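The structure under discussion is supplied below as C-alpha cells; questions concerning it will follow.
The chains carry the letters A, B and C, assigned in the order they are written, with residues numbered from 1 in each.
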Amino acid sequence: MRKLLLSAAALAVAATASAADTVRLGTEGAYPPWNFINDAGDIDGFEKDLGDELCRRAELECTWVTNDWDSIIPNLVSGNYDAIIAGMSITDERDQVIDFTQNYTPPDPSAYLALSDGVDLEGGVIAAQASTIQAGYVADSGATLVEFATPEETIAAVRNGEADAVLADKSYLAPLAEEDPDLMFVGPDVPLGGGVGMGIRESDPELRETFNAAIQSMKDDGSLNELIRKWEVSSTF
Amino acid sequence: MLFGLKWLSCYLTTGKHMAFYGSFGTVLLLLAITAPTALLFGFGGAMLARVRFLPASLLGKTYIALVRGVPDIAFFLFFVIALDQALEWLMHKAKCPEWDEPIRQGSDFIVCQAAKVPPGSAPQWLHETYGFALAVITFAIVFGAFAANVLFGAMRAVPHDQLETAAAYGMTQRQTFWRVLVPQMWIYALPGLSNLWMVLIKATPLLFLLGVEDIVYWARDLGGAKTPRFTDYPHGDWRMWYFLALLVFYLVFTRISEIVLDRLMRRLSVGQAISGGDAKRRAGA
Amino acid sequence: MSCWDIIADYGLRSLGIGERLLPRDNFTLCHHFTLIGSGLLWNIYFGTLALISGFFLAVAVALGKASRNIVLRKLAGWFVLVFRGSPLFIQFFFAYFLFLSLKGVHPVFSPFTSAWLGALVVLFLNTAAYSAEIFYGALRSIPRGDLEAADAYGMSGWPRFRRITYPTMLRLAWPAYTNEAIFLFHATTLVFFSGFPAWQQKGDSLYYASYLADKTFNPFIPYPVLAGYFILLTLVIIAIFGAINTRLNRHLPRPMRPRLRFRPNLIR
C-alpha cells in the first residue's frame, strides 16, 4: 500500500490518505509487563500504552492483533498486519528480513533466573523461549538448551525442576523474582540485542519513518521514560 | 471457605474467562460450517476421481492421496499463509493490471491496496471473520480429501445392478448418477462420514495454529501462573486443570455425537434392502 | 560447503551426533533435506515402538471388550472411549503436566517428562485404543462357521484362540490396521509441538521444519519438504503392511484374497 504512496502519481493525495489509514499492530499478548491479556480479556501492558500513544502522535488509527510468537514475522511480511510491537529485540538476523524503527527501550540485559545459587550456567540445563535471541545465546554457550513455545512455560520448567535456570529479558524476570522467594537471579547479566524496536516490512519505509518520528518526540519530551518507569520494563534513556 | 467460593465465582467470570467460554462457541461454529463445506469438497473430489477422462480422474485421485499422505499439521502450518497470498495475488492480477513492481520484494509480499483481502481499512471484526474463513477453507480442503475417499468408496458400493437397471430404462449417464447413484450412496457413506466427523472434532485443537483464538489458546493463557502485578487473581500453574476441562469437553462431545449418529444410522437403515450391519461393513472396507 | 559435508554434520543431529550448533544462515535446500530427514528418525522411533508395543495391549483390550466379564468389558470400554474420544494434541499436553506433577511425588517418574519416554507412553496408549476398536470389530465379524469348526475338532480355550480366533481376527482387521499405522506415524509430528519440550535442539522432523521456517522466514520450503518425506514414509508403511497382508492371506485362493488399499478413514 505505502509503496503506492511513494509513486509520483499518488504523492499528491498521500497526506490525506495516510491520515485516514488504519494501521494494524501485531503483538504476542503473553509477555508481561511488555504485552499481555488482562483480566478483562483485552491487550494491556507497556507496549499497548506506547503503541496507542505513538499512533495518537502520528495521527494514525491503530487496531491491535495478537499473533503467536513463532509466526509473528512471516505474518508481518505477508501483510496480515503492518507493524510488530512485541518486545522484539533488534538483531542482525531479523534485520535482514524486516526493518526496525529506532529502539524505544535501551539495550537491556538478559538474566538467568534459577531456584538455587549453585547452578552451572555453562554446562547445566537452561530454558529459553524458542526462536528468541536468548535461545540462540544458550545454544552457543555450551549449556543444554531446552526450548518452550511461550515464556510462561520456561518459568514453569525452572519451578518444576525440568531446567536449572531460565534465560530471558531481565525486566520480564524481575517481578517473578520479587514475588517468589524461591526464585533468584544467578550469574552475571548478559547483554543481548540492540534494544527493542517495532518491526516494519522492508518495503514500508514511510511507516517506519512515521513511527521513528513519533518515538523521537516521545523520547524528547520525556514521556517515553515515564512509560518505561510506569511499567518497569527496562532502564530509561 | 466462603471466601474461596466468592473468589472463584469472581475469577471464573472475568472478561478473559468469558472470552474462553466464547471460544467454545468458535469451535462449534467451525464444526458447523466446516462439515458441510468439507462434504462439498469431498463430493467434488469423488466425482472428479470417478470421471472417465483420465487427467480429471488423476487430479481427483492425486488430491485425495496427497492430502492424506501428509500429516494434517504440516498443512495447517503453511497453508493459511499460502491461501491468503494466493487470494491476494489473484485480486492483484484482476484489479491492478498496470502495476509494474514485483510482488515479491525480498521476503515481502506486496500487492496493491485494492487487492488487500480484506481491505486494510476494514474493521477488526472483518479481519477476524476473514481469518476464520481461511481456517474453515483449510479444514475443508484437508477433510474434503477424507470425505472424497469415503464417498468414492460409497459410490462404488452401490450395487451395480441398480445402475444397469437404470441404463436399461434408458437413463443417461447424468440421470443415472443424480437419480440412482447419489440417493443410494449415503447409506454406505454414513459410517465413514460419521467416523470423519469424530476425527474433525478431534482436529479442532489445531485451530490455534491457524491464528484463531480457540480454546487451547485461552486455556494455555488462563492456566499459566499469574503474578499479582498484572491481575487481580494471582494463582500458580493451573494449566493441568484447564486442559482437564478441555479433555472432558471433548469426551462429552464425542460421546453425544456417537449416540446421535448411532440413532441416525438406525433410522436410515429402516426400509433399506440391506441391514445396517451390512452397510457398515461395506463402506468401512 | 558441499551437500555431503552438510549431511555428515547434520545427518544425525536429531540424536545429538555431529555439529552441535544448528546452521544459522546461508540455508540451502540440502540443509532442509538433511535436517528434516534427521528429525524423521524420531518420527520413525516413536511410530515403530508405539505400534509394536501398542499391538499387544490392543489385542488384550479388544478381548476385554468382547469378554463376558462385565468388569473387564467396562474397563476396556472406558479405556477406548478416553483415548479415542479426546484429541491426541490435548492428551500430550495433559500427559506432560501429569508427569511433571508425578515427578514431584517420586523421582521414578522423571524420565517420563522427556519426550522419548513420556510421549511414547501416550502414543502407545493412544494407538492401543484405536487398534483395539479395530480388532474388536474384527473379532465380532469372525465367521461363526470357523468357530463351530474349531468346536467340532474339540478345540477350546487357548488353542482355539491361537489357531483360529487370533489369525482370523488379524486377517480381517489388517486393512484398517494399516490405516491406523499410517496415521500413527503422522501423529508423531505432534510430540514436540505440544507439551513436550525439545532438548538441545534435538527434535523431530516438524521441529526442524519449523526451526527452518523461523530462521528463513519462509514456510514455503521446509513444510513441503516435510510433506515429501511423509509421503515416502507412507509408501514404505504401505509396502511393509502389504507384504504382511499377503502372508496373512496366503492360504486363501488367489481371487478371494482381499487387496490392501490405501483408504484410511481413521485419523485423530
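Basically, contacts are C-beta pairs under 8 Å (C-beta built on N, C-alpha and C of every residue); 3 or more make two chains touch, one makes a residue touch a chain.
Given the structure is predicted, the values throughout are model-derived calculations rather than measurements.
With centres taken as mean C-alpha coordinates, the chain found closest to the middle of all protein C-alpha atoms is B. Set against the Cα centre of chain B, the chain with the most distant centre is A.
Each chain gets a centre from the mean of its Cα atoms; for chain A and chain C, those two points are 39 Å apart.
Averaged C-alpha coordinates give centres for chain B and chain C that are 23 Å from one another. Chain A and chain B have Cα centroids separated by 34 Å.
The set of chain C residues touching two or more other chains comprises 210, 213, 217-219.
Within chain B, residues 81, 107, 239 each touch two or more of the remaining chains. Chain contacts: chain A has residues 74, 77, 97, 153 touching two or more partner chains.
Residues of chain A that touch chain B in their complex: 1, 3-4, 20-22, 24, 29-30, 32-33, 36-42, 44-45, 63, 65-68, 71, 74-75, 77-80, 82, 97-98, 150, 152-153, 155-156, 159, 175-176, 179, 201-203.
Contact residues on chain C toward chain B in their complex (touch as defined above): 81-82, 84-91, 93-94, 97-98, 101, 137, 141, 175-176, 186-187, 189-190, 193, 206, 209-210, 213, 217-220, 223-224, 226-227, 230-231, 234-235, 258, 262-268. Partner chain A is touched in their complex by these residues of chain B: 14-16, 18-19, 81, 84-85, 88, 101, 105-113, 116, 120-122, 124, 127, 208, 211, 213, 220-221, 224-225, 227-233, 237, 239. Taken together, the chain A residues at the contact with chain C in this complex read 70, 73-74, 77, 93, 97, 125, 127, 130-131, 136, 139-140, 144-148, 153, 157, 160-162.
Considering their complex, residues 21-22, 24-25, 100, 103-104, 113, 197-201, 210-211, 213-215, 217-219 of chain C touch chain A.
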